[in-house]
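Per-chain residue numbering starts at 1, and chain names A, B, C, D and E are given in the order in which the chains are listed.
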Amino acid sequence: MLDAAKTSDVQTETLLEVNNIEVIYNHVILVLKGVSLNVPKGGITALLGGNGAGKTTTLKAISNLLRSERGEVTKGSVKYRGQDVHEEDPAALVRQGVIQVMEGRHCFEHLTVEENLMTGAYTRADGKANIAADLEMVYSYFPRLKERRKSQAGYTSGGEQQMVAMGRALMSRPETVLLDEPSMGLAPQLVEQIFEIVKSINEQEGVTFLLAEQNTNMALKYAHYGYILESGRIVMDGPAAELRENPDVKEFYLGMSDEGRKSFRDVRSYRRRKRWLS
Amino acid sequence: MQDGYITEDGRKIGGVVMEMKNITLRFGGVVAIKDISFDIREGEIRAIIGPNGAGKSSMLNVISGFYVPQEGEVWFHGKPRPQMRPYEVAQQGIARTFQNIALFEGMSVLDNVMTGRLSYMKSGLFSQALWKGKAEAEEVANREVAEKIIDFLEIQHIRKTPVARLPYGLKKRVELARALAAEPKLLLLDEPMAGMNVEEKEDMSRFILDVNDEFGTTIALIEHDMGVVMDLSDRVVVMDYGKKIGDGTPDEVRNNQAVIDAYLGVSSD
Amino acid sequence: MFYREAGDFKTSYEQDSQTFPIKFDRFRYYAVLAIAFLVVPFVINDYWANAILLPFLIYAIAAIGLNILVGYAGQVSLGTGGFMAVGAYACYKFMTMMPEVSMFVHVLLAGGMTAIVCVVFGLPSLRIKGFYLAVATLAAQFFLVWLFNRVPWFYNYSASGQISAPERDVFGIMITGPNAPAWATYMFSLIFLTLCALVARNLTRGTIGRSWMAIRDMDIAAEIIGVNPLKAKLTAFAVSGFFIGISGALFFSVYLGAVEVGEAFGITKSFLVLFMVIIGGLGSIFGSFAGAAFLVLLPVVLKVVGVDVLGWPTDIVAHFQLVIVGALIIVFLIVEPHGLAQLWRVAKEKLRLWPFPH
Amino acid sequence: MPDQFLFATEVFINGLMAGVLYALVALGFVLIYKASGIFNYAQGVMALFAAMTLVGIMNGQVPFSHIINAVFGTEIHHFGWHVPAFLAIILTVGVMVGFAWLVQRLVMRHLVGQEPIILFMATIGLAYFLEGVSDLMWGSEIKKLDVGLPQGGSFWIEDMTAGLGSENFYGFFIDNLDMVATIVAALLVVGLVLFSQYTKQGRAMRAVADDHQAALSVGISLNFIWVLVWSVAGFVALVAGIMWGTKSGVQFSLSLIALKALPVLMLGGFTSIPGAIVGGLIIGVGEKMFEFWIGPLVGGATENWFAYVLALLFLVFRPQGLFGEKIIERV
Amino acid sequence: DLVFPSLSYRTGPYAAGGIPFADGYADYFTLLNERDGGIGGVMTKLIECETGYNTEKGVECYESTKGEGALVYQPLSTGITYQLIPKVTADNIPLHTMGYGRTSAANGEVFSNVFNYPANYWNGASGVVNYLLESNGGDLKGKKIALVYHNSAYGKEPIRTLEELSAKHGFELMALPVDHPGQEQKSQWLQIRRERPDFVTMWGWGVMNQVAIQEAANIRFPMENFIGVWWSGAEHDVMSAGDAADGYKALTFHNVGRDFPVFHHIQKYVVDTGKAAGAGDQIGTVLYNRGMYAAMLAAEAAKTAQGIHGTADINAAMMRDGMEALEINEAKMADLGMPNFGPSFNVSCENHGGPGLVGVTQWDASSKTWSLISDFKPTDGDVIGALVAEDSGAYAAENKITPNCN
């Protein structure tokens, strides 16, 4: 396995360390077959890979949400700030500053948008004023939410729900955010906006991000470092800039051939995927 | 517009099959769709785009008969469509996929695809109870169609897998298979490529084009990936907060200032 | 590899959709049938028939019926007791009104009657969903029990309101009443169970089964892709009612011989059958059998162990029985929420992979 | 005033009062449903268990004496002391909190993210378990519960109203116990509404009900919320147990009052605390009035089913009950 | 061994009544073993089987014990009784349903194996009316009697008889059903308060009894005018209403209290030696006494059977003959340490129900005791006899039984 620190220019503390984990669902389905990655403090790390590669599973393994899905980490370890967090319950992790934004939004349908956001502040004990200020901050990032603050989250559109989920996570004043497919289902403008928000939060508040994304293009544009996951294994990693230039990544993840982006209409035959490992 | 034309790449587009006339849809105080009209022509790929919450999915729901608009009419095959239940709409040859995958999680892929063929299966309860005669023959006949579609979408290997276990992208494909199994005349796709990487989007695009080409299926498509929309669609409707702000060929839409402001932003290619 | 399915190729779709696609399973299935039909009747005695096998067979029918409704069509019902009562009383009325007709016909008619009643009480399911529906079905439970208790016509004006099964036969063999031989009552119920299981299996693997499951998994989506919810839900209620009615009829006529509606078909019965379905496995016919067997046997086993083997006072055993049944239910749900049937499937999957862990 | 009208009024008032008693039980259901989406069938048995524990503590009974005696051949039954009601209630609340903790620890935590029906089944399992344990712990004979609540018709009201009708009319009969129950229920409801709507824990509770996974992901400790909710539900069960236990003695059938609460829930909506009260009142009045007017025509004993049928008919028009959260139907 | 199964229920909604009865039943057989070395030199063996008042469990209990040589069944549940009637007849085992069960089983010509001596529900119904007649100078014309009954087979039993009697004596009958379990009886009692019947009689069981007595106290219905059947007259039924229950009456067909030599024996041989079935604290309570009385009747029948067949080791068929030839008289009872404990009576093939003598007891809240306030008196044989004939005739016709006494 490559070491993240080796390539990063700034030598920073590694916040989150995943060592060779294996995950099994339902006692029989082996999904992660030894995944290791490092998330440096203050960086944006992207986790890329196709459908079913195991991105979500990796994130859930970190935030300990697997158990409620009948999955378990059978091998390896997850360390946050050098401490093994494998046994902790998700709430304790949130208090330590690790929060996950789940794939598929998962809003609290019957709560209003504002109440949804407020649940994000559940673990906080730094006073109502700070929370209220952060609520304003979230609203300033997502003005659409302010308009819909009183409506039940269950009735908001897909994009709005994604914003709610993001905003809710921000309300916990996290140190590390595990962001699962933030761009899914969002309008292009909004995708960009969300990544901008990620970037500015990262830069201004120093929040660390681990980002699972399908939208490789965007992810590599904003991330500092990337891992590519396939069929439960890390097949490649490197600084984002390097990955962007890698010809395989270009072809399979960025949809670019030598002549630049080609039209979807021109893909006339299904390509047999070339895989790094199989 | 005249009655049909030939596209650049030689596909034949027919007359109007469906027309939305002044549709308005409200939920309590929220106006999801405000007086929108547009049409869909036979054989074309019609995209609906717009920011989140614009009312695109609601529009598909109106077409499916799941939402009943307060005002306006849906014309189908040149006649106003009477008020009907969603399943009756489906039986008229309109199939769809959903934005948040709505597969039947407790069933295998094959069974999911077979549900797409329900409208073709007419054997009685009694015959089914005994699994004799019509029921069995029908099962086999429809299974053949379903298998064909499974082959077409390249999901043979997961035929017997319960869908709950599938990764997101494959679920989307199964959903498409289920819709195709109905051999629809009009296929509604709600963000079929959300959550896919480029490679998978390319595959999906290929499927959509092939469906359109080979079966001549008319397709209405919601998608946020502008690359896909611009490349695939013949015409695009743009919605913004319930209003229609643009309608035309991809090129027209791309250069429409209102659309750029509301949706595309400057950096789109 | 204890369990093999490799090398078992199908060349046609009929073969592929048969009940037991795997040879090994098919073989085992025939073996069980052969024992049930050809061996058990010769060794059966009163105790086994009346205390274990009859209740098992009859509850299994009810469990299959309820499983169709809850496990396949997703409509949770707590009215099973009431519906079984309909079967029982219908059977009683048919038995006394047309004594010359074969018991077979009476039981089938009772099933049909129950199907009709069940459909009537199923109508609200078009609007009401989830737990609201579950609780709403209690209306059927209480109303039906009240009705059979209240209207003397149903119990032929007997002084106490009890109904007692008169002696009836099939082809000259006594099926009901105290003089019916154990093997005959057993065979009679077994035949019904086998037929019900086959019918249930056929229905659930075909069109109607798929539309039930579609409604169960996501009713809105199902309707949008073309499932008629009215038809799907009501057929589920009808079929389920038919089975439950048969089991109610058998429960009364063949097993108990006399019932009092409030006691025999009270709400506890509804829960009991629901337990069977859930412990066995929702959406699994095999699960219905497993669940029924489990819950019929468990109390007997506990009693034998507690009272006969350990010699504890009966009341302590009875209380422990509650504790153990309760605890077991919870443990089961924790270990395998999808029931015994799923446990069995997972075991098979593991065996298939054996000796490799994954 | 004509007597018939007065009688009807009396039935009406008593219906209201009975409704309050049903609502007390229904409240416990609502709490747990709101907080975890669990339909807690064990609520009735919890009321029984709480009441038995209260009586047991008050009488200084030795828990599990039956088994202890059977196993060790001893003859112990009582500690020989009597605990005052007030103290006993506090101790019982402690026991209920302990119970809540155990439930969370041994059951709920292992069932995170399961479908509602599975959780429902688990609570039925719990009900059986608790029923067995209560009997083993405190014995299954009938016990008298007296925490000093007044009982019997109120003379005062009777005297005040006797003049309203002819000499055939004795004045309104209103049970003192019912009046106490009404006051207690009102206090409980107000308290619980405030709690669930305006506190952080209340909000977290509702969040948990919607989506376990998401609640976990934002750092809500399901374990804590569940212990909290089950404790509160245990407390409500104790209150219901005291009221009903005073009325009918503490014995097995107390657990069956759950069945009286279910139609109340349907009518009021599973998720609404005020709904439980309003639903209770409607059911109480409805069934009593029906029994009063229609009952004699159809042979009486209509109360068991009438409530359900009423609720059923009502739901056909409003599937989420009176105050229930609208069932969100979207694709 | 002489096997006596006891289908008891120490759990469930009716446990409070089931426990003392089962204790009394068991303790008496233990006493016979300990004191007399069994019956006629053969030890008795009691097999207890918990039914929880549930018919299915009852069947299981029956099937699992009948092979052990069971001599007589005492199911203490009307539901289970109906269940067992055809079965015991086919298996030729006697069934004793003392003061419950199917009333028309008194007709031994039809119900060869079922016995319900010394009294049945219809005797009870008639007993109430007779008692009221007596205390009202023989005239009930224009009076109103309310019947509060458990809405089940059991509770419905007296209705027919009461209807007949109301026609005969000119009182008005008002029947008020209470559904299981009967925790909520406001409607019924408000109705009683409105309609003001002169007397209330009750066919209740379980929690229904206490709630009814409590509600009666709440509406201040005069307790002296409230008479329960024998299943509504135990200590726990009245205890929870406290002083308000003072004066409440209940029927009985055996004596109450613990002032009988037999109880000293039980104390000495059974309780003090640690062989008691329960905690030993139930002796002398109404239902304990009833259980013990039932056991005594069974033991006496066994003795009779031993006499008839000349063997000590009798089987169920012999037991049946013993029951049919049972004679209970004062001398015998005094001998057994139960002087004046119950009425004297003979059983015959034609009459399995005994003479139907019914007494009345009354509750004294201050001393917390029941006392017999009226002797065991005969009931209305004409009315009951006709009803028995009619009902058993219908049963015989339906089940193709030719009534006979051979």
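Quick note on the criterion: contacts are C-beta pairs under 8 Å (C-beta built on N, C-alpha and C of every residue); 3 or more make two chains touch, one makes a residue touch a chain.
Listed by chain with UniProt protein names: A, B = ATP-binding cassette domain-containing protein; C, D = Branched-chain amino acid ABC transporter permease.
Model, not experiment: these values are computed from the prediction.
Counting hops only between chains that touch, chain A reaches chain B in a minimum of 1. Ranked by how far their CA centres sit from the centre of chain D, the chains are topped by B.
Annotation: 48 Å between the Cα-based centres of chain A and chain C. Mean C-alpha positions place chain C and chain D at a centre distance of 32 Å.
With each centre defined as the average position of its C-alpha atoms, the distance from chain D to chain E rounds to 35 Å.
Shown for chain D are the residues that touch two or more other chains, namely 135, 140, 299, 301, 304, 330-331.
Under the contact definition stated at the top, the residues of chain E that touch 2 or more other chains are 10-11, 15, 19, 151, 179.
Contact of a single residue of chain C with at least two other chains is seen at positions 146, 149, 220-221, 224, 313, 315, 319, 322.
You'll find the chains touch as A-B, A-C, A-D, B-C, B-D, C-D, C-E, D-E. Chain E contributes residues 10-13, 15-16, 19, 151, 175-179, 181-184, 186-188, 190-191, 193-194, 206-207, 210-211, 214, 217-220, 236, 239-240, 242, 244, 274, 279 to its touches with chain D in the complex. On the chain B side of its complex with chain A, the touching residues are 9, 27, 30, 49-54, 57, 99-100, 154, 165-170, 191, 194-203, 205-206, 209, 224-228, 231-232, 263-265, 267-269. Contacts from chain E toward chain C in the complex involve residues 8, 10-11, 15, 19, 48-50, 52-57, 59-60, 63-64, 66-67, 78-79, 82-83, 85-87, 89-91, 102-104, 151-154, 156-157, 160, 179-180, 277, 387, 391, 394, 398-400.
Residue ranges of chain D in contact with chain A, taken from their complex: 112-113, 200, 203-204, 206-207, 209-224, 271, 325-326, 328, 330.
Put simply, chain D touches chain B in their complex at residues 331.
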